[in-house]
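Each of the next two complexes has chain A plus one other chain: chain B in the first, chain C in the second.
Up next, the complex of A and B:
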């Protein structure tokens, strides 16, 4: 992209890859440690997956180096998604 | 009077290349638009025929022309064709593709190959949908909403139809993506955001919905296919699934998608009315921002389709409240259109008449929608023909009326020919009268309690059903007359000038039909925005010099 202010480094990509691998291992360990299908297990798995998604978007998709408008749009979309989940949860909690 | 500037007419985009392959593998946005148009009109005629047959079946109580199962398959197929193959792609894929780049002052969309690919996906999806007629127990009988658990257990070709809808969704996503990038990156250098024509704003708001909401329904439909194929309990309660979850996931997409259908139509009305009234649009920024507001709020109202489904009371109150909020930006638009016409120098053209017919129909559609949005009233009208009529008032009387209005507005630009105005007006009058008789009667009989999707009905509903069916005959005559008039005019109509309606947006500055790369001179942009009629003389000074 022409908007890049810094050139991404290979070392950052490698570090991100290693972090993703580590988080994958953590997901597997956590599924045993938290009982597999409990609410806690799902919550922990989702939290780790969200962290991984954040790393991929920030580093691998180069949003870190991109124009601020992309960060705003990604933030808005994330908020939208969160709202869907919250409203769905509202129905499930009170049904 | 400014000086006349003559330009030698280049080859137009029809003349540039000839032959079937030059069309089906074209990268020209205008040709892709026409490919969509021909396909959409064909499917519209198929869907219209099914609707016509359904009305014939309901002419009297008891069986008339088909059996109950075929009737269920007919309304399902009618819905799928009209929603996924006609209304969703209609305005963005045809007029968006054709006019967005020209209105922004560029020569094509950002990704021409992706644009062609999205048309091919549309064709593949359409063929998959049509294939359900050919094998097994025929097309799905679930209704276009594919509600679980029936869609999980029906022995008709539900899976193939769901996969077709999935593929069509991808086509829609790619079109949306293309438009977002085109609007962000390819606007003419002096065209700032608030100097874009309002049709571009409508398409921009729509594109975000296409991009963000469509994947949800895509994955939901695949979940039904997985449940049907492998018996995984996602939505079927007998397998441990939750049918209300299906409804949530389906309507998270399918409510925003009604704004995919209506927002571009509203954008077109915002083009036709200033041109017809020859004055700057009233409240440009309010209309532009209200498009984005509708797109945003439209994400949060899906639950109003589920008031009687067993959703929690708290969620129902939230959804009902947000539903009423959507009425505000919509009303802002209607007010601004009427205010633009007020004391304008109005030229009554067929495209203006289609637009005013739209405003009338959409007002009825919108106001009946408020009744549906009210919790208590909705319980009374839920699953009645009142809902069917409300939906047709917004989608047919709204989007499709604008689609035909736009066809009359831009017909001279697209094909370089004028059409027969008197025939166009008669066709509109017949369609408008037929439409209101058909769906007005359906609203009334629904309010009296006639259920939707029923093959048979009680004798007290017969009179209004007969009126509705007669209305459908008038409407079909009007629609066929309109299409015939345009087909004949395409060949035999008078040659159209560059600017037959005295418009000031950029498409009126290019030849009719446009050349391959759209512009034959640097477009004139007013510093006062896209609807500044003080530059009309300058625009009309461009004149085509015949080829030597």
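Up next, the complex of A and C:
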């Protein structure tokens, strides 16, 4: 059961927003600094995007207040998707 | 024969079940876009140079503006949910209307962006598009398909949030009953979540 007893705060939403904006600025800067299509550029861009996704899911979607089952489900779906990427990468690497 | 009372008879309401159902739906959405991201990754690997050439022509400024719009709209939806939980109905409605305006801002921005590409003949079936190398055309096809599908989600989300606003006005959603509001908010955040990955993949990596 979700924790509906927690006190929602406007300040938490605003802080999350500021962090997301800062990360957006960082990812634009990093795309120029890392040269666009290098492995480093892709890795940095995806790392920043995943950090932003984590903030949205945790704070805006309130998963930090929810029952642990939501965290388990989200983790499992993420693992499923990562396994798809891995299988695709292995397929292309060894053909 | 003993008599018994059916629990919750006539007043079944399962907020947690409703939220769980929404999350299961969101997982199907994540895997739908996930499949498209895999197709993108595969073609980026196959047509590395072609993707680089076309992505250099994408307008980073327009992409960044749309990113700011969606992040701001995610904030206003979160604020509206915080407001309804606190019982601040007027604030909740106000923030929802700001979100809906931002959603339209996103769609209008996308319209101008697509129009510019189409004006230059860079759309399926047009001459300039047909003359592109295979990988270049594939980048644009994926760009139209993925941002187009995302755009449809933006429109659906905006309609949902409009319904939420009207339900608050008619007191069908309030500080004790806000699951529909919360679930619509979850959908809107998913729209933001997908754009968080679309932005670097189509605009920044070149």
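Quick note on the criterion: the second predicted complex is superposed on the first by the 91 of 95 C-alpha atoms of A that agree within 3 Å, B and C clash if a C-alpha of one lies under 4 Å from a C-alpha of the other, contacts with A are read in each partner's own complex, and residues count from 1 in each chain.
Just so it is clear, a residue touches a chain if its C-beta (ideal position, glycine included) is under 8 Å from a C-beta of that chain, and two chains touch if they have at least 3 such contacts.
Small disclaimer: the values here were computed from a predicted structure and weren't measured.
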Fit-or-clash call for chain B and chain C when the two complexes are aligned on chain A: clash
Which superposed partner A:56 touches (first chain B, second chain C, both, neither): second
Which superposed partner A:90 touches (first chain B, second chain C, both, neither): first
First (chain B), second (chain C), both or neither touched by A:72: neither
Chain B versus chain C as contact partner of A:22, first or second or both or neither: neither
Touched partner set for A:33, first chain B, second chain C, both or neither: neither
Residues of chain A touched, compared between chain B and chain C (which is higher): C
Partner chain(s) touched by A:47 [first = chain B, second = chain C, both, neither]: neither
From 133-141, 151-159, 169-177 or 187-195, the chain C stretch with C-alpha clashes against chain B: 133-141
Common interface positions of chain A, toward chain B and toward chain C: 77, 80, 84, 88, 92
Of chain A, residues touching chain C in the complex: 1-2, 8-10, 13-14, 16-17, 20-21, 24, 27-28, 31, 36-37, 41-42, 45-46, 48-49, 52-53, 56-57, 59-62, 66-67, 69-70, 73, 77, 80-81, 84-85, 88, 92
Parts of chain B lying in touch with chain A, wherever the complex brings them together: 212, 244, 248, 252, 299-300, 303, 310-315, 318
Chain A - residues contacting chain B, complex: 77, 80, 83-84, 87-88, 90-95
Chain C residues touching chain A - in the complex, by the definition given at the top: 15-16, 19-20, 23, 27, 30-31, 34, 38, 41-42, 45, 48, 51-52, 60, 64, 67-68, 71-72, 74-75, 77-79, 81-83, 85-86, 182, 185-186, 189, 192-193, 196-197, 199-201, 204-206
